[in-house]
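After this come two complexes, each holding chain A, first together with chain B and then together with chain C.
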Partner chain A sequence: MNNLKLFKRQTVNELSTFYSFLIGFLIAIFIGSIILLIQDKSPIDTFSLMLRLSVGSINSLSASLNKAIPLILAGLGISIINSVKLWNIGAEGQIFLGAIAVNFIYINTQINSPSIHIFVLLVAGFVGGSLCILIPAITKVVFGVNEIITTLLTNYIVFGVTIFLINGPWKDPKSLNFPAAAYVGEEVFLPTIIGKLSFGFLICILFTILAHYLKNKSVFGFEMRIAGGSAMTAVYAGINAKQKAFIAMLIGGGFAGLAGAIELLSQTHRVSTGISQGFGYTAIIVAAITGMRPLGIFLVGSLFGALSIGGSVIQTIGVSAYIADIIQASTLFGALIIQFFFTYQIKKVEND
Partner chain B sequence: MKQYILEAKNISKTFGNVKALEDVNFYLRKGKIHGLLGENGAGKSSLMNILSGIYQPEKGSIFINDVKQKNLDPESASELGIGMVHQEFRLIESFSIEDNLTLSKSNIYQNNFKEAYEKYSEIFSLSVKPEKTISQLSVGEKQKIEIMKLIFNDSKIMLLDEPTAVLTPQETDQLRISLGTLSEEDEKTIVLISHKLKEIREFTEKVFVMKNGKMVAEELSTKDVTDDNLIELMMGNIQKSIIDKSNTPGDTKLSVKSLEYVDKVNNFKILDNINLEIKAGEIIGIAGVSGNGQVELANIISGIEVDYSGKILINNKDVSRRGVRSRKKLNLSYIPENRLGVGLAPGVSVLDNSIVRDYFKTRLGPHLSRSKTENYLESLINKFSIKAPNSKAEISTLSGGNMQKLLMGRELISNPEVIIASQPTRGLDVNAVEAIHNLLVEQRDKGSAILMISEDLDELFKLSNRIHVMFEGKIVKSLNIDDADINNVGLAMAGIIE
Partner chain C sequence: MIDIQLIGLLNATLQAATLLFIAALGELITEKSGILNLGVEGMISIGAVAGFMTAINTENIFLAILVGVLSSSIFASIHALVTVILKQDQTVSGLILTILGLALSSLLGKNYVGRKLVTKLESITSISEPTNIVEVLISQNIIFYIAVLLMISTSLILKKTMFGRRLQAVGEDSKSSDSMGLKVAKTQFIATCVGGAFAGLSGVYLTLSYVPYWTDNMTSGRGWIALALVIFGGWKPYRTALGAVLFGFLEALVPRLQTYGFELSPYIVKITPYVITILVLVILTIYKGGKTGAPKNIGVPFFRENR
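After this line comes the complex of A and B, so read on.
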């Protein structure tokens, strides 16, 4: 009797994640095309329109990159936490709490220099994100509670808090009953660099380099890998695995919180439910596709930013914006499947 | 002629290239308790797994009540009344005792559980209510439930794989009485696997001995056979060392003073008054069957386990309250028995695993330079001739021998003053064993003080200057290598001390 069995490959091509992303993306475009054809729309027309309106001009390109900022930052946070083999599903909540922290500090402080003021608010966003993941981090480290569940649940709690604040204490009387907090003053708006491209994009580049260094070049990154690989090896090596997990979670939460701060200071300018449109969840896809590599997250995050801008503009020709979501999700599935074949080999074996 | 309830003839089984069983014969008489003796890896568990249908033999036949059994699988074995208690419990921790006992479809006390439970809890002198969940029970109680499960499943042949390994002496005594009752009153046929001669002698009527996958003695009458006989059968001939041991040891590098360690959960003394002294340039061997406190001893000396009483001195410096890292800074190296999982982190690259010991020293860190770490790994690979696909490959893609060489190399490259090597060659092929032995001797000649924990007597006799035997948490015998022989070490390992 012949049987198919899986064997782990001895060596995996270093660029395998990149190749599987590319192939996964092609598969996603293919799936997207089929769906468009079913709707009697031309895939070529639709995709070329998407391309033109997302990267075709300085304005559209900067809109795409602005969209990419929260995806990249939250994705980086997820990848840092994954160094200790933990999953952060709570980036969405961390983005919101980052924005809430910014507004809280904005309301309660008086700083005259705008640049210092903006800096303080960005720090507040980072701290807000860390605070959001603090309880999951404590329950993980002290009681061993599954962080996937707790980080997911904090999303709902933070969303509830947001709804409460914008309908209650922070509700802007000038908003014509639309639930939102008051706008922050123009003096704390993040400046733009080129076109509409926010200064946040520079922060994003800086934090990508930081995350890359932290994960791949620092002693802390090494300690996180060992702690994630085997708790016993960590003890043996004198590494405090729980401490590493705790710090990694706070840093990762902070990255997402910073995304919320940038979103508030450069896009929405006020706390509302529009602070995030599921960025925290899309960031999970971005991080997973790249195998948790910061530089990959930067590239794929940028692409996904362009995709959602492209998705929103093609509504004008009667195509649903969900086509962008479908492409994003199919890319992940495609990439994961291809990655599987890079990691494993299928062989026929004689059964005894 | 219904002389035997079970007969296994010419059973052979190979795993990969390893012959686990070779033409093994095994006979069981109804209502008797049989002992099965042998070192670790002799093939006892493989044979039991074949009888209970978990493995299929390549060759040989099994007769139950004179009926030849073809394609024995766990289900048919259980229907034929063969049940096994494995070394690791197979109870559902979150279920109650009653649920666990009545879980199987072959259970016979579905309707009169209460009476049956009362009867057998008396035989096992077990005083817990059947509503209690398994996780609330002590190890000894769980063991009793495991054996009771066989009775409830109507097993007539009960295979017990080292049931006493987890029991206290009092519990062991109790188990002896319970098993005696079962064999006499219920006519249960029982097989007891054990390392301990004393138990084999007290529990059983007939004894079988295995060595290296072969049955070297069949159906000896326990009354008539001597301990020396059994030890010789079990361990065979052992060559004394060919390694030069004439070097004179230097200063004391490691001393362990009146070490005690208690397992707080089960209130069980795992280490009891351990005293050791190791000088520069000598290898001290710790002999003993695993599970007699060796892992805990190594963990305490290396600083992993901190909750103990007693003193550890490295180079006459008291490090009893110091952590892993400060002991490493005093140049202590630990090669743990659990290669992948403790010594090496699975899922992590060869490169990362190669720097686990020295990464916090300034020559590699604090900024972890890629070129420095690559050079470091390169020097390990060259010096210890390790075969690895590339530095980024995941550690478990290496062979066992290469993993161990990487681990040893990492721990030895900085010329440590004290080395603890736990089961350094377990599971390795002949060439790798030779390479590891040479490394240890070379290190000894460079002046390291080495503590080698091993179950392999060949290895202990070959390398050690002195052998301590551990049994139930105590050092029960200490011998210079010239005075040690297979009998006095073997008997002490089996718990027999004159």
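After this line comes the complex of A and C, so read on.
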């Protein structure tokens, strides 16, 4: 009798993640098309409209890349933390606390040089993100509390604090219908490069290179991988695994916090609930789909930024913006399914 | 004569606890088989919207419960396919299940936001305003009693039946279970779908009784608290129920604090359940010192080595 059996492949194609992503994306577009058809909308019209309005002109392209900034930065943070085999589900909260930290420093300091002022505020955002993950990091490293749940719960806590601030101490009396903090002064707005493309995109490129170097080329990156591997290896190598995990978490949180700072200084210009629209969650997809590779995160983050812009503009023709979220999540599910065929082989074997 | 506010508090505690408990119990069953499903939040959301849509369109409450439960179960089978059959990372798959579930339910429920139920899930007796403890206990809706039944039967099934023993064996040591001739993949697949069905029941409780209406992201982290409850309960049904009552009590108590004379910002009140969940997890981990009672194979994909 013939039987199907599963074998693990000896070697996995180096580009398997990339191929899985591509095929996963096609699967997702297919699923998106079905949903559109059910809703009596033409998939071709909708997708071509999305494409045109997200990358069709300098303005729309720069809007897409602006949207990509938080996805990429938060995704990079997640990938750095994953070097020690830990998960950061709290990027959403870190983005908000980054923005809160920026506003806090902005209110409480006087700096005359705009460029130094902006620099200080960006640093504040980074520190804010690190602070946000501090408690999950301490509880993980010292007590071993599951970081997935604690980082996720901090999202709800920070969001609650944001709502509290913009309805209470920071409430701008001029903003009547939409609770928000007062706008920051124009002198600290991030400049634009081309069209509406924010200076934040250059920061994003810089941090992508930084994360790539940190993860793959630096001694610390090597130590992080050891620390994330077996506990015994780390002991033999004389590496303090807990310390590496702690530092990795603070850096990763800081990346997401920086994203919040850039959102505030280049997009919203004030603390409101609009600082992040689920960027921290989409960033998880971006990071996971690329196998936690910084350069991949940059590319997929840019694509997903365009998708989000496309998703928000098609609302005008009565298509739900959630279609973009569904395509993003389905891409990862599709990629996971395809990845299986790269890692395993199904063979017919004779039963004995 | 017991204070009427206290009775109200008890009633609200049981309702909040029911919601959390059913989802947690489902996750407990899934995790017992060695599969971690972080998609609870998304599964509750799918069950909630599917049940609500059915209730609006058919006005048949039992059909609504059935559809909600089945939808979540089918939705959970995506996780089962990806992790059990295709052996991919359980953390990634579960997280995406949550994101996909929230997005999909928002998309489906778009035209149902703000609509009112004609028939909501009512108390099984005619008492709508209980005045004593007995009346509280006999005036819940049907899902509460189903939850109690599920608690008792899950505990019995896990302890006393062959199926329960096998389920746990698979979660503790899938390799040995496999060589003993147990069907590892089948068991894990079923356990994941059962977990989804329970989350769906929790979801319909949310939209047909607890709230009852539909808005985006109305699960507001309850799926994650349910995940924490499984850890809290040490993977034991009764202790998980105890945890659910404790958290339900907090969820019910905090908004009432003002009536007891505490001045609190409502925005700060809202975040307390999440703060307390973290605190409880920390205290529990310190107290147990690593011996959490988690199934040994949790999160590890089973792959039969071929020679």
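Throughout what follows, the second predicted complex is superposed on the first by the 339 of 352 C-alpha atoms of A that agree within 3 Å, B and C clash if a C-alpha of one lies under 4 Å from a C-alpha of the other, contacts with A are read in each partner's own complex, and residues count from 1 in each chain.
Following the convention adopted for this analysis, contacts are C-beta pairs under 8 Å (C-beta built on N, C-alpha and C of every residue); 3 or more make two chains touch, one makes a residue touch a chain.
Here the structure is a predicted model, which is why all the values come from computation and not from measurement.
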item: Which superposed partner A:149 touches (first chain B, second chain C, both, neither); value: second
item: Partner chain(s) touched by A:226 [first = chain B, second = chain C, both, neither]; value: first
item: Partner chain in contact with A:160 - chain B first, chain C second, else both or neither; value: second
item: Partner chain in contact with A:333 - chain B first, chain C second, else both or neither; value: second
item: Partner chain in contact with A:218 - chain B first, chain C second, else both or neither; value: first
item: Partner chain in contact with A:8 - chain B first, chain C second, else both or neither; value: both
item: First (chain B), second (chain C), both or neither touched by A:237; value: first
item: Touching partner for A:19 - first (chain B), second (chain C), both, neither; value: neither
item: Of chain C and chain B, partner touching more chain A residues; value: C
item: Intersection of the chain A residues that touch chain B with those that touch chain C; value: 8
item: Residue numbers on chain B that touch chain A, as the complex places them; value: 58, 302-304, 323-325, 328, 334, 336, 338, 341-348, 352, 355-357, 359-360, 365-370, 389-390, 392-393, 397
item: Partner chain B, residues of chain A touching it in the complex; value: 8, 10-11, 14, 85, 217-219, 221-222, 225-226, 228-230, 232-238, 352
item: Complex contact set, residues of chain C against chain A; value: 38, 78, 81-82, 86-89, 91-93, 95-96, 99-100, 102-104, 106-107, 110, 220-221, 224, 227-228, 231, 265, 267-268, 270-271, 274-275, 277-278, 281-282, 285-286, 290, 303-304, 306
item: Chain A residues touching chain C - in the complex, by the definition given at the top; value: 5-8, 35, 87, 89, 135, 139, 143-146, 148-150, 152-154, 156-157, 160-161, 163-164, 167-168, 281-282, 284-285, 288, 320, 322-323, 325-326, 328-330, 332-333, 336-337, 339-340, 343-344, 349
